[in-house]
Structures are given as C-alpha cells and as structure tokens.
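Please find the structures below.
Next come two complexes built around chain A: one with chain B, the other with chain C.
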Partner chain A sequence: MTLMPEFELARPRDVGEAIAARHEHAGSRFIAGGTDLLVQLRHGIDRPDVLIDLSAIEELGKITSGPGGARIGAGVSIAALARDATMAANYRAVKEAAEMIAAPGHRAMGTVGGNLCLDTRCIFYNQSEWWRRANGYCLKHRGDVCHVAPQGQRCHAAFAGDLAPALLALGAEVEIAGTKGRRRMPLGDLYVEDGRAHLTLSEHELVVAAHLPPDPPPSAYSKVCVRGAIDYPLAGVAVALGMNEGVVKSLQIALTGTNSRPFVLSGTDAMVGRPIDEAALQAIERLVQKQVQPMRTTNASAHYRRLAAAALARRLTAALGIGSRPDAAVSAVR
Partner chain B sequence: MQTQSPRSRKRLLKLKLNGRWREDAVAENQLLVDYLRDVAGLTGVKTGCDGGECGACTVLVDGEAVPSCITLAARCHEQSVETIEGLIQQGRPNRLQRSFHEKLGAQCGFCTPGMIMAAEALLRRNPHPNDGEIRLALSGNLCRCTGYIKIIESVRTAAETPA
Partner chain C sequence: MSADPTAGAKRPGVPLIDGIEKVTGRARYTADLMHADALVGRIFRSPFSHGEIVRLDVSKARAVEGVAGIVTGTDCPHGYGVLPVAMNEYPLARGRVRYRGEPVAAVAAIDAKTAEQALELIEFEVRELPAYYTSEEARAPGAIPLHDDKPGNLEREVHHHFGDVSRGFAEADLVREERISCAEINHAQIEPHACLADYDPMSGRLTMQSVSQVGYYLHLMLARCLEMDTSRIRVVKPFIGGGFGARVEVLNFEIVTALLARAASGKVMMQLTREENFLTHRARPQTDIRLKLGMRRDGRITACDCEVVQRGGAYAGYGIVTILYAGALLQGLYDIPSIKYDGYRVYANLPPCGAMRGHGSVNTRHAFECLLDRMARDLGLDPFAVRRANLLRAPTRTLNDLMVNSYGLEECLERVESASKWRARIGKLPRGKGLGMACSHYVSGAAKPIHWTGEPHAAVNVRLDFDGGITALTGAADIGQGSSTMVAIAVAETLGVSIERVRVVAADSMVTPKDNGAYSSRITFMVGNAAIDAARKLKAILIEAAARKLEARPEDIECGEAFRVGHGAQSSLPFAEIVKEALVDRGPITVSGAFTCPPEAQGGKHRGGAVGSTMGFSYAAQVVEVDVDEATGVVRVDKVWAALDCGHAINPLAVEGQIEGSVWMGMGQALSEETRYVEGLPLHASLLEYRVPTSAESPAIEVQIVESHDPYGPFGAKEASEGALAGFPPALVNAVANAIGIDMDELPVTPDRIVEALVERRRRARLATAQRAAS
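Moving on to the complex of A and B:
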C-alpha cells in the first residue's frame, strides 16, 4: 500500500449540492461507503483533488415501499438492505445478495449505489502501484496492453457487484441525478461490456436510487467465491421465477462476475408455458454457458467460472421451480 | 504509520472516543486507524492487511463493528468510536477480554483486538448467539494462529457470563 494521496473532503447536505460540487471541481469523485474506493486510492489507481462524501445526504439513506413497488436510496447501507423486511418478504434475491457481500464491517459501511457502480476487477488491476508498474501497467489504467487478452483491443476486467444481478432479475430501474435534473432508466442500461468504462453515467451524474416494480415473482441469489467472506464472486446468479399451475409464467436470470457488466440472460422467454424439468434445466445451463464470457481475470480459471455460473443458474431455477429450496446444496458452493 | 503532510487541509473532528468527547484537528485524508494509533495513542487498534481484508483494525463506530483502515477519520464527526482500550471497566477486563484469556482465544494476539470488538458488537445486538451467528459476526476477521475454534469458544463463554 502506498500513502493516502492528498485530497479535500466535501460533505454536501443534499443531492443538488453534491452535483454542484462535482461540477465545480473537475478532479473530484463521489465517495459513499469508501470500502472499495479508499483501497484504490491507496493503490494509486486514482488521485482526486476533492472527495465528495455522500454520507450526510438524508434522501439517499431511505428505503420506501408502497403499491408502486420499492425505492432503495443509493446511500442505504448493504447491512440495512439485508435487514429490510420488504426485501425479505418480496425481493428475496436482493436480501440474499446483500447478505453475501464481503463481511459484516464492509456491509455496515458499503452502500447500494457503491455496489451498483463498483469498479470492474482483474488480477492485473487490483494490485499495488509497484506491482502494476513492474508489469508495465495494463489497458484499464495507464497501460496499453490487456494482459488477459494481449491481442485484443478491449479491457476484460469483470464486474463483480452482487446487488446488480438481483435487481436486474427483478426488473429494477435506476434513478440518476445530474446537472440537467433527474432521469430513470432500466438498470441494464447503466452498463456496457467494456471493463475500462462499464458505466454509462456521464461525468457529473450520480445514481440516487433503485426502483423495484411491485408484485415480484419469487427470487433467489447465489454465488461462487474462493472464500466464504470478504470476497468477490467468481460467478454470481440471480433468478426470478414465476410459476402458474406447474408451468413457467416468467423467468429472468441475471449474472455477475463473468463479464465486464452484469447482464440478463437472453432466451429464457422460451421457457414460458413449460414445466421446470430436466430438459428445461439443461436448456438454461446451455444458455448460460453460451452467454457468459469469463476471462482469466481471477485466480480461478475461466472454464471453471463458466461451469459454476451454469450450475448456479440450474440449482436456483430448480429450487424456485420445484418449490423446495435445497439450502445445503446452494451454500455448499458459496 | 502514516505521516500527514502539513499541506493537507485539516478540519476539526469532534468525537466521543471510548466514552469521552474530544476534539482534534485531523487531515481530511487521514484514516481512522491512523488517527486512533498516532493521534489518540490507542495502539490496541492494529494495522494488519491495511486494505479492509483482515479485520485486525476493527473498532466500533456508533456501536457497529467496522474496519478502521478503510474509514476516514473526518467521517466519524460527532459519532461514538470505541476501541479495545475502552472495554476495560474500572481497571478490570470485560467479559470478552477475560474469556479470550481463559479459553486461549488469543495466541500471537494480533487479531485479538479486532476479534473482540467484532464480538462485542455481536453480543450487544444479540446477547445469546449460536455458533453460526458467532461465525458470521467474525467472518470479516482473520486469524493465522488459532484455527478459530478457541475464538468461537471464547465468545460463547463470554455470552454465558453476566456482563
């Protein structure tokens, strides 16, 4: 670790002030929980002049729910989200994803917005300054070669946030504030498949909330990690499955950890009207294996992560579709 | 130890540290762990991994166990911060400190302050945790010596001891 760089700390009281501060200082960055950003600053990955601390903004810290669905403020802590009764009752995948993030201390500090906007990760990037320098840096930061795919033109760092797939599977939207006011868009539109610039936010924009639609189908989340805590997913899968008289009414599967963005699996519409049987589960495994693009960005092999993602999708779909939750089987791969 | 450049902008930090209010001028980029060790002299707080991965620096901020090496001191303004030193009551170690001693929950002792603070937060919230809840509460704290069995036993023993 290197010394913490010099910066000033601004503590705006509302979202408007935060956006204005960001606009005013070209070299500024927002900081919420800081569990990832402060480590990156110590690694010399960024040198902002001003950090705009969002923790004093009241609006960001609330979860509200009603007939129109639920609104989760971007400043809500991961711990508060995991404890929330509405999430436990209706949006199970979100609660499960929140419970599996890092460790209790990180969950107390880390926030929903921070997890949604989490930087992409790679074994060639999340290293100290001297390590990266000795390796000639990399395409994501200061270098011009991606060590994962040296022939390629893009950065393959993987997105590893846990909340995004859970929210994606449940059809969430994000609310974004900027200098021109607020806008809402599907959460999936926040991301693009580029490890170097995976967020579509423009420079002064801030994610202020996630919105979940009402009457969600049952859902679940699980992930595969090297360690049981303080670790990012090698692959993470959220499934939202609505059943009606033994056949699929709706099926959404979203993934994290395998690509530079979290994404919704395409092709699951073909399952509608069919039962969750062996043929359907095999079809889901094939869809996952075809659409995930794990690269050698973690200590585990890309092939393992591809198989693990498919296995998680299968297990969660089977558990939701058949009605009994094989908790033992799910926790065995965490 | 991290020295602060005199160029750093400072602000007045007022916080309740182990039960007593105090004020210090802290650099805006100073981490809580450095403030506690170097300014307040509370060296029971340990710097382990220095990057939020081991839990040795765990302290309580408003009762919640957090890693102080990834917390900015300036953000603890008007909050209550507790370290291992604050658990002593009138010169007597508290029940967790005693049980770690009696049940051999500490070997080299480096992770112990963080372990005890994480366990303290747990026992305040949940006075009678089962082993699964103890493991979960300590899942952010790494120990290279004990193999954790003695640590879990220590916390269990403390929970059975009147506070």
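Moving on to the complex of A and C:
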C-alpha cells in the first residue's frame, strides 16, 4: 500500500490516438489491466507522468477467427480468452495457459497484450523502494550489479508470462502498431535474452494483436508453481504436437519462467518421423535441460526449475502423443 | 465442510453474533475508522542489519511544510516488551539498530505524500557491526552479542530433566534419533496492522484504537512509554481481521503512533504496508530439533531426549515463553516416563519472532510425531497402535506437574481411524498416494498470568436494566474466533433466556472490565467461566424476585424467558415482569463474575515450570491423505479427517470453523509457507512470495467434535482454536513418506524439496548399483 504516484490519465479511442499520445508524452506508459504495472508504480519502479489507458479502444478487445486463423486483440481479457470457444476447440494450449494465470481477479483485469509484454521478474527487483535501496538497487533498475550473478554483465530477471509459450508453440505472430504504421512478425522476435530489456518493441510501439495460424496441431500447456493459484510459473511449458500414423509430423515446445524471454525449444525437428516413445521423451528432457537457463531469480531453486521444466515437457508430449489429454494417466514419471 | 457440521456435538450451533456485520461489509475495521481529520503516520526503518547509530538528523524532515510531528528514539527512553523480565526493545531504536526494518524515526503529516517526502529527508548513519542471520552464526565463538547482557547471543537456555532418561533408553528395544528443521513462518493475517491514536492536549487524554489482541497490555505499555497515568488512556479494539498471535504483544508501531499523536497534539492514523507487517513479524521462529526416543517392541515410549534451537530474531518478545513451551508441551499428550529437554533461544539480526497459533508447541510436536511414525515403521507397528500404547489416564499430573483433567485423545483416534477407513486403506494405495496421521494438544489458557496482580484470571460484568436487555461486558478481544458469541451463549444458557436478549460489549477499557487478552486459548475457558459466574449471580437475583412475585420458594423457580414454579405452567410470569420486580428498590443491576485458576494448576516449582500449565488440554488427532506428483514434486492434499476434544462444544458451528482453520493453517506451514532473507532483507514480504495456501489447495476437511466434559471448563468446555494445528505438518510428512517412501526432514515440503529428495534417492540408488557391480 505504498503511495500511488500522481499521474495524468489519457484515454484514447483508437490505436492511432494511443500511439500519438505515447509520442507526445515522453514520460508516458501504456496501461491495460494494470495488474503488473500498478504494483510496479506502488513499488516506485516507474514514475510515468501520463498513463495511456487502452481499455476504451474497441479494436483491441476482440477475438476473430476464420479460414486464415485467429486474431486475438491485445486488450482481450485473460478471462475472456479462457472462455473463448475457438481457443477451446483449436488452440487448447492458449486456453489452458489463460485458465492458469494468477487468480480470477487478475484474469478479469489482465489482458493478452499485458501478459505478452509482462516485465521480467526477480526477487531482487520486485520489491519496495525501501528494500531495493537498502540492497543497493540492481542492474535492472537504478543499480549496476546483478545480485543473481554479480560477476556477469547482464540482468537475469526471468520472463514469467503464461500466454507467450502457448502462442509460440502454435506459431503465432504479433501485430504491432507504431508511428510508422503496422507490422507483423513472429512472436519469438518480440523477445531477446536480456532481463533488463527483453522486448524488441521500439519506444512508441504497441502490441495490438496476436495471430494464430489455421489448422493447428493438438496442443497443451502446463506449469509448476508452489500454489495452484496466484503464483507466477517457476517453469511453464507449451507443447504442440502433430502426429501422422503413429509418428511425429510436427513438434513445437516453448517455455516460460526459466529465461529472460519465452523461447521455442530447438532440436525438436529431429523427432519428426519418429514415434513418441521412451527414447523420444528422454531426448526431449535432455533438450530442455540443456536449453533452459534458470538463475536464482525466484525463491525456488534454479536446479528445481530446470528439472521441472523438463518433466513437464516430457509429460505434455507423452500425453499428446498417446492422443489423450495431459491429465489422463500416462507414464510421465521416470 | 463435514457432512454433519455438528458431528459429535448433537446441538445446533449459533452463527457468530457479529457475522452479519462482517459479511455485509458493515463492520468497521481500524483502517475504516473516521480519520478524515487525522494526520498520516509513517515510519522510517533501518536499512542496516546491525550497527551503532552515529547520526540521526530529522531537521530537514521537520522543516517540510505539512509535517506536524517527528519522533525518534530520544522521545522514548523506556524499553518495552511483553515479558516483564525481558523488556529489551525500544519503540524507536536507541543507540543501536539490530535488524533491517527496525523503526528508527516516525513522521506525522497532513497527508501520505508529505509524510513520505519527509521520510526521504531523514539522514541516518550507523557504524556497521557484524550481522548474524542463522543460529549457528550468532552462537559461534567470537560473535558480537546483540545485547550486551546476553553473551553467546543466547536469550534463554532451558535444561529440564524429568525421570531417568538413561534408564529409559537402556530399557528400549529401539532407539532412534532424528534432526528435523522447520522454517520460520508468519501469521499473514489478512488485515494489515493499523491503529488510530488521538491525543487531546487540553485534557491530556489519549484514545488508542488498535488491532491489538491484548488491549490491557497495550494500555500498560502506553502508560509506561509515554509516562502517562493509566487513567488518562483509553484503549478500544475495533473489528479485527485475524490475529493468530501477530498482535498478542504490544507492537512498536502502536507506541510510535501514540508518541506521534502526542508530539503532533492530535490524531494520527498509522497503516502499515504488507511489507511492514512482515518486518514487524513476531511469529514462529526457524527451529532446529534433535530428537531421540526410546521405544519398546510394543510401541511404549521409554525415554525422550530433545534439543531445540530457535532463531528468535533481534529482540526478546515472547522468546522465553516460546522456548519453554517447546519443552513443556512435549508432555501432556502421551504418558512418557522420562524426558530430557535442552532449549536454546538465540538472538539474530532479523525481525523478532513471537507467538503464533500453537505457540511453542508446533515444531517440537512435528518432530515428535514424525519420529513416532518412523519408529512404528521400524518395529512393524501401525501408527495408531503406537499412539494407543502411550495414552494418559485422566485425571493425572505429568512429570513436569501439568494437570490433565480430561482426556479425549483415545476417542479422537478412534474417530479419525474409522472415518478415514484407515485400516482398510493403509498400505494399499497406489504409488504416489499416501495416508499419514498425527496427534496434538494445546492449553486452554496459561494458568499463570504474565503479569501477576493477584486479580482473578478473568472478570465479566453483566448488566440488566428496565428494558429487559442483558448486556455482558467483557474485555476479551474477539479477533474472529467468536469469543463474544461464546460470552453471549454462556450468559443466555445459564439464565435459560434467548440469545437475542443478550448483547455483548467487548474490549473498550472505558466500559469493559480488564481482560488479559486473546492468547494461549484462554478466553473460552477463563472468560467463559467468569461469564457463567456473573450470569449465575444475576440469575439468583431474578429468582429471588420471581419467588416474591410468584409467592414460591426460590429453589422451586425455573428461570428463563418465562419464570415458572416447578415444571407446572399454572403460575408463570414473563421475563419483563420479573425484571420490573427485580429493579424495585435496587434499580438497574450490574453483577460481576470472575474466574481464577487455583495455585495447584499453575505448574511445577522448577524454573520456567509455569509455562505450559493450564486447567485443561484440548486433544486432537488427524489423518491426511496426499497425492505426490513425483515429476514436479507438487504435493496435493486430497482429504483431511480431524477430530478435536474440546471438552464440550459451546458453539459447535464455531468449533468446526476453528478446527478447519487450524488444519488449514497447519497445511500452510507444512506445504508452502516460509520466510527467507538475503542479508536480513525479506524475500517473502508480500502475499505473492509468502505463500499462504489458496482455495485451490484447500482440501475437504471432515471434522469430528469429541466431548470429554472437562470438570473445570465452562459447561465442560476446553479450547478449540489451536489444538488441531500441530498435528497437520507431521501427518502430512508421514503421508508423503507413505506415498513415496521418503522421510522429509525439513518444513515446508515444497515441490523443490521433494524433487531434490527424489534426485538424491536416485543418486544413491545408482551409487549402490555401481558399488554392487564393482564388488
């Protein structure tokens, strides 16, 4: 309950106005649900003079679908996404990820765009001003040392959004609006492996939608947390697995919570044409263990997050591989 | 959540008398009080773990327009603390700071923004001293004492020895020793700390409204620290959103706010942030336990040797009581022929620990019940059989001279064993699923009060006036546990009148009689008895009046909503008529009831022997069913069966709620709650990082109420709010062992700890295979 800093609130009616407002006020920030930003403001991490409230922009609030796939507006609430029939029918991982985010109150307020652009998190960063000052600040904000890896040159704060891996596994693109108009790019290109600046958006740009390609393979999402609600993922995994006559046609695995960005696991192409058997599952576990880079940014150990991410990847792949849902009884345990 | 909410007690319960106000949002908590005209208080806290104060300059802060008052350690030279023998803390640091977050100065200003601006301008320098964050560091040779009079950073050592321990171990068929540790936890009550202090410079009076569970102690401490006469102070407790021990000692922010109100000659509202709540702390300490038990082949315990080290934080608080409880309450649950206890309460540069639900008993009980299970396994005995081999027979006195007057543990065991279908299911569950059980107990009020005044342990006044309304006045703090409802029921049942006729006024020092407060589960037992005593006195007056009106002998009169002679309906008068008669000549009636624990209930003569003493112990047994995910380490609690012997359920509905709450809080400690610090800074100081279970983790809890009819309890009642907590963590750890064959020695049992334990087991198995192959 630290004091909320004073700010002006702008409420643009369309994306153009929003971009213009952002351009006009150098110290401004976009705000949608505010579930991430308002906590930061109360922690004194940011002091924007102007908040640009995106909630009145109609375009951002819609999910549309057709033969070309689905378009999810960045202003769609997490709760609405979790309820959406298209997601439930075709993009299961997205629905599951949305359902698992935080708690009902957060899902009602939080948005797709907010979750995709969620700030990276670290136990040395998500603290009050008093706390961070007493600790000499950190590389991510106002300081010059990363307390997680004091010898290193970069910030290791971890990305912990749930939607990004689900969308990545399904091959999503993001639509971005800026002063020069709109552009589309693969969602993976939105992120870089740097906890201090993990988004590639330029200063005045805004994510306006995510696009999902048509005819997706079956997919699933799961994460590990200490509690069944509220917590950010210690590790989260989305798997999209297409099978053809008992062998893998396509396999995409994406992760969150373990690195400064969500990312698609590389090396799964090698599974194409093979069955999902014990050897394949072990190979997947090895790939995950090798590629995730959890650091001591959470209260749970990095070692645990590495093992849990691998275990989840195995479990989801196994479940999709035998054509049942992940909650069905499968031999997911070694 | 049980099928029959009043199972065991065949009476309907009464919804809490303040329940409607709470669920409709009408209830006003401290932060809801009218404070439009109040200044805003803020505290400047030490960013250092340990240091001598070199400079504290508040002049720039004082110069800020809108600042009405600033106080520092120089404004209060009086130490404070809940135990008269250990008042080693100042409301605002003097000379030294001993933990990060310790209050150093405070500001009252016209608004929050101004107050925060002023805090920014406070200049504070210390000469840093070495800081210690673990018991080992603090006890290491050469460590600088946090308090000059406490060498070795030991606040208190306890060495108790009852019976012949060496003979006991010699007679045992099995001796096993374990080291078990429990993380520090916090109450995490939902309502953050707040208080409103109003000082009137004209009259020199102070009114303090606070979240306190102990208004009387607050009253005394305010008088001491502000050098005020107690008669000029009024302490009021508004609605409270949870206590659990967080507020059973006077807290620094309460005194600080009063100091600010006087400095500013006005009214100051202080509302702490969640982070500040965690810094204020006063909860269950990180504890290391070494426990050795001797057992005969039939499960009979022959000896117990227990060493407990508690990391108590920077100041004394309740620490001496906590380390004494940890040893004393090894007894009173089972019949143990010999016990050796060594307790060490250690100072460290962290927020001070204090009392928390199940005070002192929970962590040692956890170790004890885990070890009992492991020894049962070694001997091929059923966990229930081991407990049954060691039951007490009431009435009796324990080795350390605690009274056991009623004992429903045997029935608790039977109830949960049968409800959980234990015998049919244990050992037959699929891999990953497990059952575990454990027992626990707790005191119904400390028989020896902290402040010895010679007064009764509790007093209740009951008023009756022309309107026929009966008003019970009690100083007891209802903190959500339902104590005001209990008083209403006690008065109504004693008089035989409808509960709607009874009103309760609680916890306002101007009108209610002094009460020691809501701690050690004392209220039902002590205040309940005092309420019955007062109601009986009123009843005698009313019966006398009825006898006059009905022209009958007093012993033939039946008291109630109507007064009758004998059982006949022929001569009957309504309550209102009898009130009129009773008020003739004497006017409005006020009677006082009291309750006192006799000296023989106040514990043994050995040093510290008073701690643990009580007129009645509650007893509990529970069975926990878990599902362990070996891939992710997540433990899910599928179901809990809990039985509690509360003597007599005065309000079965409230008892059921308290048992569920105890189980649930024990679940938090068992599964997910823990504090963590980095160089004395809390990594857990939010409800995101301090992981209280959510509704998603809440299992079905089947509650069984057992009634052993205590000879001294009010209507036979004992405590019902704490006893069922301590059994949960060991029952869960025992269930995990049953599910995956791993004994977890550390609380909480978080997913990472489970996975690390599984990895370790696989590593050892590989090693063993390799060794076999090599040989």
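As a working rule, the second predicted complex is superposed on the first by the 325 of 334 C-alpha atoms of A that agree within 3 Å, B and C clash if a C-alpha of one lies under 4 Å from a C-alpha of the other, contacts with A are read in each partner's own complex, and residues count from 1 in each chain.
Just so it is clear, a residue touches a chain if its C-beta (ideal position, glycine included) is under 8 Å from a C-beta of that chain, and two chains touch if they have at least 3 such contacts.
Owing to the predicted nature of the structure, the values given are computational and were not obtained by experimental measurement.
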First, second, both or neither for A:L38, with chain B first and chain C second: first
Partner chain(s) touched by A:K180 [first = chain B, second = chain C, both, neither]: neither
Which superposed partner A:A311 touches (first chain B, second chain C, both, neither): second
Residues of chain A touched, compared between chain B and chain C (which is higher): C
Contacts of A:L3 with chain B and chain C, given as first, second, both or neither: both
A:G105 touches, of chain B and chain C: first, second, both or neither? first
Partner chain(s) touched by A:N299 [first = chain B, second = chain C, both, neither]: second
Chain B versus chain C as contact partner of A:D53, first or second or both or neither: first
Partner chain(s) touched by A:A229 [first = chain B, second = chain C, both, neither]: both
Chain B/chain C common contact set on chain A: 1, 3, 103, 228-230
Touching residues on chain C, where the partner in the complex is chain A: 45, 47-48, 100, 112-113, 116, 192, 271, 273-275, 630-634, 671-672, 676, 678-679, 681-685, 687-689, 691, 693-697, 750-752, 755-756, 759
Chain A residues touching chain B - in the complex, by the definition given at the top: 1, 3-9, 34-35, 38-39, 42, 53, 55, 79, 102-106, 108-109, 228-230
Footprint of chain A on chain B - complex, ascending: 2, 5, 7-9, 11, 28-31, 50-53, 55, 58, 64-67, 70-72, 74-75, 118, 136-137, 139-141
Interfacial residue positions of chain A with respect to chain C in the complex: 1-3, 103, 123-124, 126-128, 130-131, 133-135, 147, 224, 226-232, 234, 299-301, 303-304, 307-308, 311-312, 314-315, 332-334
